[in-house]
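The two complexes that follow have subunit A in common; it is paired with subunit B in the first and with subunit C in the second.
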Partner chain A sequence: MFNAMFSMIIFPGFLFLAALSFLGEFIDRKIYARLQNRVGPPWFQPVADFIKLLGKQEIIPTEANQTMFKMAPLFATASVVTAFFYIPLWTPEAMYSFNGDILVVLYLLTIPTLSFFIGGWYSTSLYARIGTVRSLTQLFAYEVPLFMGILSSALLANTWSLTKITEFYVAHPWLWLMNLGGFIISLIALLGKLEKTPFDIPEAETEIVAGAFTEYSGKLLAFLRLTLNIEMIVGAALLSAVFLPFALTYNPYLDFVIFLIKLLSITFLISLARTVVARLRIDQMVNFCWKYLVPLAMMQLLLNLAVKGVMIK
Partner chain B sequence: MHNPSEEFKIPIGPQHPALKEPESFSVALRGEKILGVDIRLGYNHRGIEKACEERTYIQDMYLIERVCGICSHSHSTCFIQAVEEIAGLAVPRRALYIRTLVAELERIHSHLLWLGVAGHEIGFDTLLMYTWRDREIVMDILAELTGNRVNYGINTIGGVRRDISSIQIQETLKAMDLLEERTKYYIELGLEETTIIKRLSGVGVLSYEDSLHFDAVGPTARASGVKRDVRKDDPYASYGEISFDVITDTGADVYARTIVRLKELMESYKIVRQCLKNLPDGPITVRAPRKIPAGEALSRYEAPRGEDVHYVKSNGTDKPERVKVRAPTLANVQAVKHMLKDRFLADMPIVIAAIDPCFSCTDRLVSLKDDDKKADVMTWQALHDYSIKWHSQRGVDFGKLNKKLQERLSK
Partner chain C sequence: MNVVQKVINWSRLKSPWVLHFNTGACNACDIEIIAALTPRYDLERFGVLLKATPRHADILLCSGPVTRQIEDRLVRIYEQMAEPKFVVAVGTCSCSGGVFNGCYNIKGGINAVIPVSAYIPGCPASPKAIMDGVVKLLQSLEQKEGK
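The block that comes next holds the complex of A and B.
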């Protein structure tokens, strides 16, 4: 019981995840800044921002639905942290696993978007409402290629459990290369989930201020930001578990370092993407996802089916 | 609770992250589609024209320079040209060349600034950081030549206040080479980067006819194929002696405006080089009278944003009778409404930014608007009575004070 609590709350649970997410935010901001010819923040800046926001006054619009407005950030944070428990990190085994946990993780990763929707919608700000409608529109565009990309890897491994997927690819060391296309598709879809440029349409600053987060302030905003940071780490961990399950040496320290390297490389790719492109319009984004990403994900699925057929024979 | 498929209005401004200066755009939307835009000016009225009438011509010059923070040299030169015309001053050629030089350097800094702002409006902050970094080069040169980064204060009635040394010429030429190289990179970027092209082309279309109809000026008009440039049409300063091309484009959209501005940068480098190469010798100023003889003059000037017009009327004293400023944004802002029709909300910031608006230059008046029609119109007497009543309710009786004052005066 104590062990379970320890692993959930401290290591590798919430606190570790929060620390990792601050590190992720720092790396993201630093790389973004360096690529833009700026100095960038010092290493403790994300923590300092979080602490400062915690100390700020919380303003809740009188028109807003108080309960929903306050609950949304907590729902979002809780769901992403829960999703983390089911993802294999530096060992091939996740903290908890059962057959079908891949669906649970994908479902839990959808909840933040829905929470932002609810929080934004009930804040009654017009900017927030446009932002929430946009984030839902976007949800239907990126979710499908993301699911297809991740499930194609699961299909090849013939299991619905993330732990089993990792075990399968560890047993067949070079098969992960088959999923490289799926990795790229899922990474692009992840950009949409994390609302990063070019898919930061729901919080496009110059159009709708901060989208769903417009009315948030103080502690609630701190937790919303934490959620987005954690979501980035969880998303990166999910991709690294599903698509890059290689180089497991069974030496825990070495594996931990390799895991961090994988995570930070994915963070680097995300930062790189948001440095080199402009924000798309919502119609262009939906078109892009359905016209290019979904057919490509479909091809990845077909490829994996074919490979599976050959392997069984 | 409102339904997003219904028509509703959202305010962009007076305070909004997309706008760098306060101005109100009330946008009627259905979903993401813009049905109409209601533009209100007047949030930045500073009464500069009236203030000019209270000050001498020399003081006015510095005041007029502060009409705009970016095209400050444009406004001061435009004003001074009118004053010099009334006074009949023959400005030395060297002074005219230095004015042209500063004007083009200002255009370079303004266009680079615009490119960064445009990048920010479409969520491409990297472009903002890059162009503003490169803008520092030209800002440093301006500081070196004039002593200031903005509001250069180089003009004076009858010439310029500072001469240029040969070391400064060398440094400026070096900076131009560097900037030209960077600008070529931005042109390449603009022609190749898919997301930029996707976001800019076909957005904010203003056809050739519409451009004439709305009297668009500057790069906004030139991007619609209207060959309109005061530097060529009505040469002032030393533009008549310098060879350069008027850049036009037939794209008529925001993308065309971007390309026009980028190519104009290349023309500006050309002009700066010619100015420095052909810089004539001689004095930089002639003695100007403190009192300007009675008369009036209209002066035109091609500011980075388009045609700037100043009207000055003098009455023989050392203060002008009337000064009128028409900033280029006022000419272009009318077209924004047309450009935004049936576009998406996401295009709104970049379409507004594409005319390179400078709202504080534009605002010449404040109009109070009462949407609810609840307020009464008060006459001066009614307002006076009301104020006496308001104060007497709070224990301040002006009636008694008045009597006391009158008693004292009569003693």
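The block that comes next holds the complex of A and C.
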């Protein structure tokens, strides 16, 4: 009981994850700044932002639905933190695992988007409503290639459990190379989930202020920002567990470093994408996902089916 | 002062998010504010981020004299910001009304309508002056809250 509480709240649970997400945000912002030839923020910037928001006054619009407005950020944070427990990190086993946990993780990662929708919708600001509708529209575009990309790897491993997937790829080294296409597709789809630049249409600040977050302030905003940061870390951890399950040495310390390197290189790719491309329009985004990403993910699935047929022979 | 309050004060000084609002400027001051936010000057070094909504912002950067048209909107935006909040008047016009002072459609400087924490004169105020003003505002807060 005590052990479970410890691992949920402190390590590798909420506090560890929050620290990791601050590190992730710092690296993201620093790389973004360096690529723009700037100095960038100091290392404590994400922590300072978070504490400042915690200490600020909290305004809830009188028109807004109080309960929904307050619950949405908590739901979002809780679901991303829960998703983290099912992902194998530096050990080949996750904290909790059962057959089918990959689907649970994918759906837990969808809850934040829905929470943002509910919070934004019930804040009754027009900008927030436009933002939330856009984020739902976007959800239907990126979710399919993301699921197909990640499940194609599971298909090859012939299991629905993340722990078993890692075990399979450790037993069959080099087979993860087959999934490289799926990795790229899922990474692009993840950008949509995280609402990062080519797909930051729901919070396009030059058009609709701050999207679903427009009316949020103080603690609630702090938790929304924390959720997005944690989601980036959890998404990166999921991709590294599913697509990059190599270099496991079974030495916990070394594996931890390797895990961090994998995580940070995925963060780097996300920041790189954020710097070099401009924002798409919502129709262009939906078109891109359905016309290019989904067929590519389909091809990845077919490839994995073929490989599986050959292997079974 | 207890530790928690100290940490909160520290975080406030390290992460001032600004909101830019044109209260009737001739546009030159706005261009200078935008210039101060470009990579050339890189205000993110000090944790400054430009926010688009008053709910997220800590500092309201106002430029230009307050026209009668904008008065209500200025007050509304000020009231939409969460405490603690500060107002910085950028440019001679927003300090006192400047060359527009006495016009039939002008109320005067920003302080004729809402309380102002720092004044940055200049026509237009240069990006370096704006940065200096914001840093001085933060320093004065540090002294006040450090006691």
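As a working rule, the second predicted complex is superposed on the first by the 313 of 313 C-alpha atoms of A that agree within 3 Å, B and C clash if a C-alpha of one lies under 4 Å from a C-alpha of the other, contacts with A are read in each partner's own complex, and residues count from 1 in each chain.
Just so it is clear, contacts are C-beta pairs under 8 Å (C-beta built on N, C-alpha and C of every residue); 3 or more make two chains touch, one makes a residue touch a chain.
This structure is a prediction, so every number in the text was calculated from the model and none was measured.
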First (subunit B), second (subunit C), both or neither touched by A:56: second
Which superposed partner A:205 touches (first subunit B, second subunit C, both, neither): both
Which of subunit B and subunit C A:277 touches, first, second, both or neither: first
Subunit B versus subunit C as contact partner of A:159, first or second or both or neither: neither
Partner chain(s) touched by A:44 [first = subunit B, second = subunit C, both, neither]: second
First, second, both or neither for A:197, with subunit B first and subunit C second: first
Touched partner set for A:36, first subunit B, second subunit C, both or neither: both
Overlap of subunit C and subunit B interfaces on subunit A (superposed complexes): 36-38, 127, 205-206, 209
Subunit A residues touching subunit C - in the complex, by the definition given at the top: 29, 33, 36-42, 44-45, 47-52, 54-59, 127, 205-206, 209-210, 213-218, 221
Residues of subunit A that touch subunit B when the two form their complex: 35-38, 126-127, 129-130, 133-134, 197-198, 200-201, 204-209, 275-284
Interface residues, subunit B side, partner subunit A - complex: 2, 4, 8, 10-11, 16-18, 29, 31-32, 119-127, 129-130, 133, 193-196, 198-199, 344-349
Of all residues in subunit C, those that touch subunit A in their complex: 7-8, 10-12, 14-15, 39, 42, 44-45, 47, 51-53, 55-56, 58, 80, 82-84
